[in-house]
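Should a chain be cited, it is by its letter among A, B, C, D and E, assigned in written order, with residues numbered from 1 in that chain.
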């Protein structure tokens, strides 16, 4: 499923919420912005210049999707440390701060296979702090989170924006951002994958 | 390079923690090889003639067993998306994965092979060249195998399909790997066969990572 | 004309089994893929027509 | 975009030339079969079995040409996302597999009386067998995914990687001294040079032409068929999308 | 490193590996991969004590048939090996023709358990072959000069 006739901008410190029914393309749009999928037509701009270097774009964004990308054989700390090393960002202090923020400090040396669904999701979100980047792309980030964690996420997003960071998130639940723009995807006509349907 | 070394060390540590996976592959290698004396009879003459081929075929099948785990786990838990978003190049990810697979599967197979060759009565001249041929051939096995594993990500009956895609491409390695050992046993120079194996490894190293990276990005899309 | 008689033609210089099997298999393969292609084409044409008709029926 | 990228326009051209290709194919077969079976002389060594060559070499030629076409189309599809290129590759694969199987089987039927064996594990036969497996793998891979586009792309990557086998098949008889005779046609500065007598070369060329035209004629039919399948799939998809859009937002 | 430069490095590295690999494979083929031994090699070295293949031309006038028992000489014009075989010979088997035999050396004689005939890439009607042979422009087993065929 794709969409036609869609355009938007995001400034430093800005936030955008994608809303729409199932199948309206929220996830697809986030993956397009991350550079994981290629648009059939259309362009992605960064600082008013077309993105010609998806790798450089990837260095500036963090995508947290439905799948948590956690290795259950590793401890919570090892999971965070691996991604920080892999992306070449972050330092040990940030890893501790990330675990503190999302209430994982007590679990730091527990193997991830013992975590509950909510704890796993918090571990995935903790990567936002452990390896900081300007643009966050979050797909339904409040799913499986309790009220306390949702509050922590709201605060984290607010702090990130206060430092000039940007957030795009898909959501159909609680309000995680104040201000920011809302993009309702159900206004756009879904079209079939190929343009050459002739009926 | 940080992405490369981080991923390599992660895969090695994972393999160490889940060492049962690697051990299963080695156990399969041993059992498959040991079946042959029962199948063709214990006569030393017959066994020593087929020893080189049997060890190679069993090694290829054992490697095949390990292949579907190369990318599938990362694909299913969402790690693959994050690996592609590494900010450098997907080829680096592929190279780290292939090297990790070779170290955790290829090297144990090489170490086990002389032991199994003894049970097959391989003539004593053959051991050195057996190890050398496996050393030159198994990197190709990992490179081609990783490509196959990336192509079948998310496919129905992925495991069967993987063997259909990968085994035919292993035929050259098998031919020259066995031929090198046969040549040495029959008193011929094995050097041309070994340099072909090395050549195949280089060609695979030049072509497979790019194709694998493309296949991985397709799978994530 | 390379053969003196019809029997010689059938015999193919003693190689009848090999030559005729080859030609037979070739005919079978080419004919088979032709028939399969035409059959799926016809089936899809029919399916497409019904889809079109349904679409017109429910605007 | 290129005008051949437009399926409607492409099919208009293809349908226009289809009767000509099909007609030419029939004429060539009508000429090739009697000449190959009756009017051409036997070979001085191989006797009447040389008549197998007309089928064998034609099939082998097509299996190579079709693989080349699949590889070229796969590249076009992956680089420029040419939808027609993908359909052409998909439509060609079963034909390539058929001709490859035919080349292998007729080769065996020729080898048994002449060489004394159905099969030897030499480079030419082995690499042809690998080509057959590549065809089978291509077809299986392109049908193995719920998302057909994913299957198309995975198969296209496989086709490109497998194309390394085509030169190996071609040169195998020269690099490797084996039972299989060297190529009967060699390109030289004076054009194509052949070690086949004209009376035997004529049926061979006619048969190769007939087979080639058969492939192209069938390709048009199969393209038509593939395009219809894509249209049917898209029509279904847009129906589902229509239903989804009609539902109230969450 | 920019994307373009990184790509360039990867492609250069790939080309280097590819050409190195091709060079290794092709020089190995230059070294003549042995699929069968020539009579000269059999005479020079104690090969073929176990199963192997020998190849060469069937020496003229050497074929002796006693029912299914056949003996003949395989030659590469320098050395000659005697071959014994029991079984049905392929139709292309004849004197002066290329042949490959599988078996092993026992007491100076090659005992074959399979004989395969190899033939050349020349195709022509029997009358043409006879005419060429009569005129002395061509002998069986040699490549035919293209100008003669056409």
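We take it that contacts are C-beta pairs under 8 Å (C-beta built on N, C-alpha and C of every residue); 3 or more make two chains touch, one makes a residue touch a chain.
In this text, all values refer to a predicted model and were calculated from it rather than measured experimentally.
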| field | Contact-graph separation of chain C and chain E, given in steps at minimum | value | 2
| request: Could you compare the number of C-beta pairs in contact for B-E with that for C-D and name the larger? | output: C-D
| remark: Maximum distance between Cα centroids and chain A occurs for chain E
| query | With chain centres defined as C-alpha means, what is the inter-centre distance between chain C and chain D in Å? | reply | 16
| task | Please work out the Cα centroid separation of chain A and chain E, and write it as a whole number of Å. | result | 65
| Distance from the mean Cα position of chain D to that of chain B, given in whole angstrom | 32
| note | The distance between the C-alpha centres of chain A and chain C, rounded to whole Å, is 56
| field | Two or more partner chains touched - positions in chain A | value | 55-56, 199
| Where chain C touches two or more other chains at once, by residue number | 51, 55
| What positions in chain B touch 2 or more of the other chains? | 88-89, 203, 207, 221
| query | So in the complex, which bits of chain E are touching chain D? | reply | 29, 33, 35-36, 55, 88-93, 97, 100, 114-130, 140, 143-144, 146, 149-150
| What residues on chain A touch chain B, complex-wise? | 31, 34-38, 55-56, 58-59, 61, 63, 65-71, 73-74, 82-83, 85-88
| field | chain C residues touching chain D - in the complex, by the definition given at the top | value | 1-3, 9, 12-15, 18-19, 21-23, 25-26, 29-30, 32-34, 37-38, 40-41, 44-45, 47-48, 51, 55
| Touching residues on chain D, where the partner in the complex is chain B | 78, 126, 129-130, 133-134, 136-137, 140-141, 144-146, 150-151, 153-154, 157-158, 160-162, 164
| query | Tell me, which parts of chain A touch chain E in their complex? | reply | 52-53, 55-56
